[in-house]
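Below are structures written as structure tokens.
In what follows, chain A forms one complex with chain B and a second complex with chain C.
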Partner chain A sequence: MIRSDQMDRRFIEEVMAEPGGEHLLTCWSCGTCAATCLVRRFNPAFNPRLILHKAGLGLREAVLSSAEIWACSACDTCYPRCPQGIHISQVMRAIRNVAIRAGYEAPGPTAQVDANRCSGCAVCTRICPYEAIERASQNIDGQERVIARVDRNLCQACGLCVAACPSGAMSLEALNDAELLTRMAAGGWLEHAGFLQGASTTPRLLAFVCQWSVRAEDEWQRIQALNDEHLRVVILPCSGRVEPAHILLALSKGVDGVLVMGCHEGACHYQRGTYLGRGKVALLNEMMAQMGIVRERVRFVESSALERRIFEERLALMREAILALRPALEIPAR
Partner chain B sequence: MNKINLAAYWASSCGGCDIAIVELGEHLLELAQVADIVFWPAATDFKYADVEAMADGFIDLTLFNGAIRTEEDVHIAHLLRQKSKVLIAFGSCAMEGCIPGLSNLVGPERALRRAALETPSTDNPEGVLPQGHFEIPEGALTLPRLCGTLRTLEQVVPVDFKIPGCPPNHDQVWNALQAYLAGHLPKNGLLGVDPRTVCDQCPRVREGKIRVKQFQRPHEVIADPERCFLEQGLICAGPATHAGCGALCVKANMPCRGCYGPPDGVTDQGAALLDAIVASFDGQSDAEVRQIVGTIIDPIGTFYRFSLANSLLQKARALASQGDDPCASQAATEGETL
Partner chain C sequence: MVDAARHPQITIKAYSEVERVDGYIGNFRALVTQKPRYVIEERCTGCGECAPVCPIEVPNPFEMNIAPRKAIDVPHGQAVPLIYAIDMDYCIKCYQCVTACGERDAIDFLQEPRTEEIEVGAIIVATGAAHFNPSVIPEYGYGRYPNVITAMELERLANSSGPTVGRLIRPSDGQVPKSLAFIQCVGSRDKRFNEYCSGYCCMASIKNAILLKQEHPEMEISIFYMDIRSPSKGYEEFYNRARAMGIRFIRGRPAQITEDPQTGNLFIEVEDQDLGQVLEVEVDMAVLATALIPQPDTQQLATTLTLARSPSGFFMEYHPKLRPIDAPTDGIFFAGTAQGPKDIPASVAQGSAAAARAARVLNAETWEIEPVIAHVNPELCISAQGKKCGLCAMACPYNAITVEVGRPALIIPAKCHGCGGCVAECPQNAITQDHFTDAQIVAQMREYLREKPEEKILVLMCHWCSYGGADNAGVSHFQYPPDSRGIRVMCSARMDQDLVLEAFRRGAGMVLVSGCHPQDCHYISGQQVAARRFERLFRTLERLGINPERFRVEWISAAEGEKYARVITEMSQKLASFDKEALRRENEAARKAIMQRLLRWRSLPDMAAVFAEEEEEKEVALE
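Showing the complex of A and B:
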């Protein structure tokens, strides 16, 4: 129930005064945004229509204290579909700006900078799809240095900067290299020779799967159940988070093939992450070819939340491709 | 104070690392007060037999430069390890393979043919290849045989410390020697470096948001001397390279080549640089991304210019092609014929 004494006209004005918040009151509450929202598919509590509606009614407390205002990841899937042309992620950002001024904080983890390791090289400021990282002069142990600084309000915890940082200065809780490495290697999975070394009759494959490219719960359950001695699935927040060093480590340990599954072109939840994942795999493929390693052993494949059983199909194709490699490498069976 | 016994050696190297020691200049006089040079082929006339005659651990400190490419390199690496209390991989070749390590792309036979027969500056009309054994009236001449794979010093014998650089900056060589003499030795084993990466010492302006649609090579453009190379579409290894040189190349308007090796905590420099370079791609479709990748000529020579022999990429191949390196086995003398 909404009580009129909770409605605060000044809150509406405050949001509308923020850049991007101007269109708050043009919302019809039709719900098209909620119907297309990618976040909503895995966080059902998030409903952009309701947030805009409540904000439009001036329900200051209800809006600012809700965890959902921080959940929009600005993928802008809803923007071209909104009949009123409202740039909803911008309105969300305006609301969050008001929240931050009122002392609220984003509930989730955001990227952190290790000042002692950061060289201010600007790799992270270039990769961030949200312009959430700036370089700023800071006094570190009495020395004035320009280093990266993360805006907690803008960071969407996609982990792209953590992958990109060449100094290991960027970190993000569960998405750090060490954590991903643990997931790859758990149970000594990496410590086995593979098919191409003649130690296994089935190819051993490692798969990095973007969490947004598979959405339905039954799909996830089925994919997780595929984990065995010949397959290790590591879930990433985005295919752009994949580390070429992890792929190479796997190959150097005897893994036969590495699959990176990300979203279709234009469907990346983090705007450009899928292009970064593709770029890394494409460049790595070029180096593998130069090095005389069959490039088919590392592949980028795409999937979307609406597709079914794509993962298994791609996996089967990769297995076939690797089974066909053996004669080419002339590796005698042991 | 007792003087220490100091040795320096060149395995497969260009000689630049020995120049870096000579470049200590007047510090050499200070060094002579605290150290006796007991072996240094580039500058003194001691023979291998002199080293073989030394007691184990006789040498306090050996600065070993050059990669391990021949049987002779393997032999001397083992010998100096045995005779030295502290063995330092000195310079990029000994530490990570450096430019000679790129020959691992094609193997020793192909590299030898290229060097002896094909380069534009080669004048060899009779097509003579170096022979392992050659009889002349005065007796037999021999050359050491090449290993199947060029290796770093640490891939052959245990190493105590490393000093990166191609060659190491002479100021850093002096810093490293002083640190050794004072007993201030780093836990991570890296001497003669500064904290963080080359970007930390680079004076160029980084706008911070500029992404690029293509990469060019330094000879194709005249770079703006004030702006970040990456933001001009020139691949610069600075973000993935340990600081220590004082950003010498970038101050001479040349992108960092990466000779100081990976930053602390990074094992594969090429992979780290790949991540950093892809970060600056301005591609909004699969086709555009592939197009940008296509503008990167010779990615291994660019990303692994100095570190291929020590890379995960090379390890991955070694596994796929099943050890083809006779020098890697115990029977180091069974090297491939020249």
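Showing the complex of A and C:
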């Protein structure tokens, strides 16, 4: 039971005094944010409505000690839908600021920096959508060096820095290159010749799917059930995590086509992941043309939470395109 | 409606537009234009022979454009008067209707608009409301998913005289839906669109749910709601009946609707607040309970009739509690949703009340008006001297003043409400207001500022809002310092800048002028007149050498006692921070310039008495 002495008026005032926290009390708990929220799929305990409601009651301890206040990735899908016009991610940030002052810390996971590999080039500091990485002077093996440092309270573990780091110094558990390669190749999937090499009657496709670009639960299950010898779906935290090296590796192993699916531009869960992912694919297409590989074999497609069966539709289009390529090409011998 | 049409003393002017309204209570003259029907009203019997032969089908707004109508048709089956009209935007002039009409010879392609002036004693505005278009909410998919429809479309689809003859089918495949969702508060209770509650939609959706459940007991019906609002008589019982019938009520505002492109079925994602869990509910069809919104031409009519609008856009009543049927302009009354969202019983009640209010006017030999009206002194009015002015007419929110060069401005007493805007605006001080003459106000000011004026805050407040706010601060026991002295006038528009200057001339420490918030002004646009005036006054004060920080303008409503107390407290603190000696010097330095500015004002006949006394006082002090 929650007793009235746990309801702390000063906590409400503290949150509302933070920039962005002003609208805390106008929430009437309609649940639009909770039903919109994409984080909930991976973290069912996260419910922005409940956090705002608890904070609005002044339940200081219950709010600040919960791990959920750190889970909001500020994708702002809920903000334009809120009938009260509350910028919920800003309220979350206000609550976090109060929490940080009270000595609480985000539970993670966060990106890790390998101090021996980091050259301090600052690619990651520029790419991070949350401004969670800065460069700082550190003593490494008796040597004073400027390297990247991750603020664990800001990092949302999107993996954009891991994909971007030219030195391989950034890592994120479960999202490292090795892990992705394992997922791609599991069950010896890569060890088969493809349709374009004349080894099969159906194109073999590899799909990198951003975990946020597919919305509904049954949609999600259906996509994963599509995995077979002609299709391998690899789930990424964000389409910006995709790496051209992995794509080229797949093509060289005999995969006929690679589909990268991300959120719509402007609706990216990590703000600029779609931009990065699409940019990488576009650049790779140019390189492929120079290498003599038909550029249609790698595609970036966008999807949104409001579209059902969009993955199957895009996949079918890709298959058709690959089938049409058959007479024209072979991969140049390496 | 049929009874009204048959009544010997009721004339229905359908298909007509009110172009202009002059006059005042009991004596309005309205210019009404009858649009051409291209059918001679007296000859048309409403037999309906013409419509079937017409080859042109056009969208039918009465059927929410689900079904077509003909280019010659009546708006709907029960239309009164039952006279056909040709829609010339679509007519191809094949003249088949002329043939069908035959001997009745009612069709006249040469008909022109006819304008006539009619005299009326009272006007009732019953122009209704429009419906919110939910296609601007992308997450609900209206317009994109065929099976998402609005409540009004459902009304037609479920109506036995509707396009499907009462058979509810879903648009994507024509099948009877096995499951149906009602989504409440679409476009209302939503700050992105309309903040207000439309009021009628909860009961309307429950009504439709009950009717459909009676007809199709196997249909799974869900109502998604934030709060069920059932405050009127018998409504709660009706709601309980719906629950007992097995209609599913889910407390939660749906976040989005997605469609399975293969089946056309809809998935509604919603957090069930009671469970604290997100549900994905698959339904065959979804019905959006859309908001009631003001008619698109509300502003046009407001200008024609000199009416005000509430922040929500509906017509504003004279007083929300005491005179909810009356318009701010006397002799005009409201009925139904033109004044604000309401359901059928409330509209009927308001319609009856409006009729009764209008009957009072029609049966009165004389009409009592506010005793505070304004008068023009013809000798001082510059217009009488052949010069162009008209500032009074521009300030009048009621169009009660006519200005003709060569003649003094004319105020129609029956139209004047006594805001006093013209009194303050007149540069010649030719207009006065009964019970609020400049001399009366200055006499009050004189007494308030007789002793230690530099320690006082002189407050000018409007009768309806700020005076109420000050009163509210008092009855609510909000503490504020005792430095303020308040003078009540009818409207902030009455607050002449000369009054503010006079207060400083008399040595006031600070001056506050305070009126209603712009949307609450009791005199339609009086607050705007005042706001414009005081924006300029800051610069004038600066030029006169008076610190503009000593002058403040605040809009305080009758419910904002807390704000009144806060403003006075802040001003009192500021006043305390000023050096009193410096204040006195500042006043003394500005005194002469102010005197000069107020020369004409001070020479007014009734003003002389106030200032004569002042001279005597001075002499007494000198002695």
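Note that the second predicted complex is superposed on the first by the 280 of 334 C-alpha atoms of A that agree within 3 Å, B and C clash if a C-alpha of one lies under 4 Å from a C-alpha of the other, contacts with A are read in each partner's own complex, and residues count from 1 in each chain.
One rule holds for everything that comes next: contacts are C-beta pairs under 8 Å (C-beta built on N, C-alpha and C of every residue); 3 or more make two chains touch, one makes a residue touch a chain.
Being a predicted model, the structure only gives us computed values, none of them experimental.
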*Examine A:E243 and indicate which partner it touches, taking first as chain B and second as chain C; both and neither are also allowed.*
first
*Looking at the overlay, what does A:A94 touch: chain B (first), chain C (second), both, or neither?*
neither
*Of the partners chain B and chain C, which touch A:P83 in the superposed model: first, second, both, neither?*
second
*Scan A:K280 for contacts with chain B and chain C and give back first, second, both or neither.*
first
*Contacts of A:L205 with chain B and chain C, given as first, second, both or neither*: neither
*More residues of chain A in touch with chain C or with chain B?*
B
*Kindly list the residues of chain A that each of chain B and chain C touches, one partner per complex.*
none
_Taking the touch rule as given, give the residues of chain C at its contact with chain A in the complex, in rising order._
138-139, 141, 185, 189-192, 226, 252-256, 258-262, 267, 269-273, 276, 278, 280
_Give the list of chain A residues in touch with chain B in this complex._
116-127, 131, 134-135, 145, 160, 163-168, 196-197, 243-245, 248-249, 251-254, 265-266, 272, 275-276, 278-280, 282-284, 286-288, 290-294, 329, 331
*For the complex, which residues does chain A have touching chain C?*
28-36, 40, 47, 49-50, 78, 80-81, 83-85, 215-218, 305-309
*Interface residues, chain B side, partner chain A - complex*: 105, 195-200, 206-211, 228, 230, 238-240, 243, 263-268, 270-281, 283-286, 288-290, 292-293, 296, 298-300, 303-304, 311-322
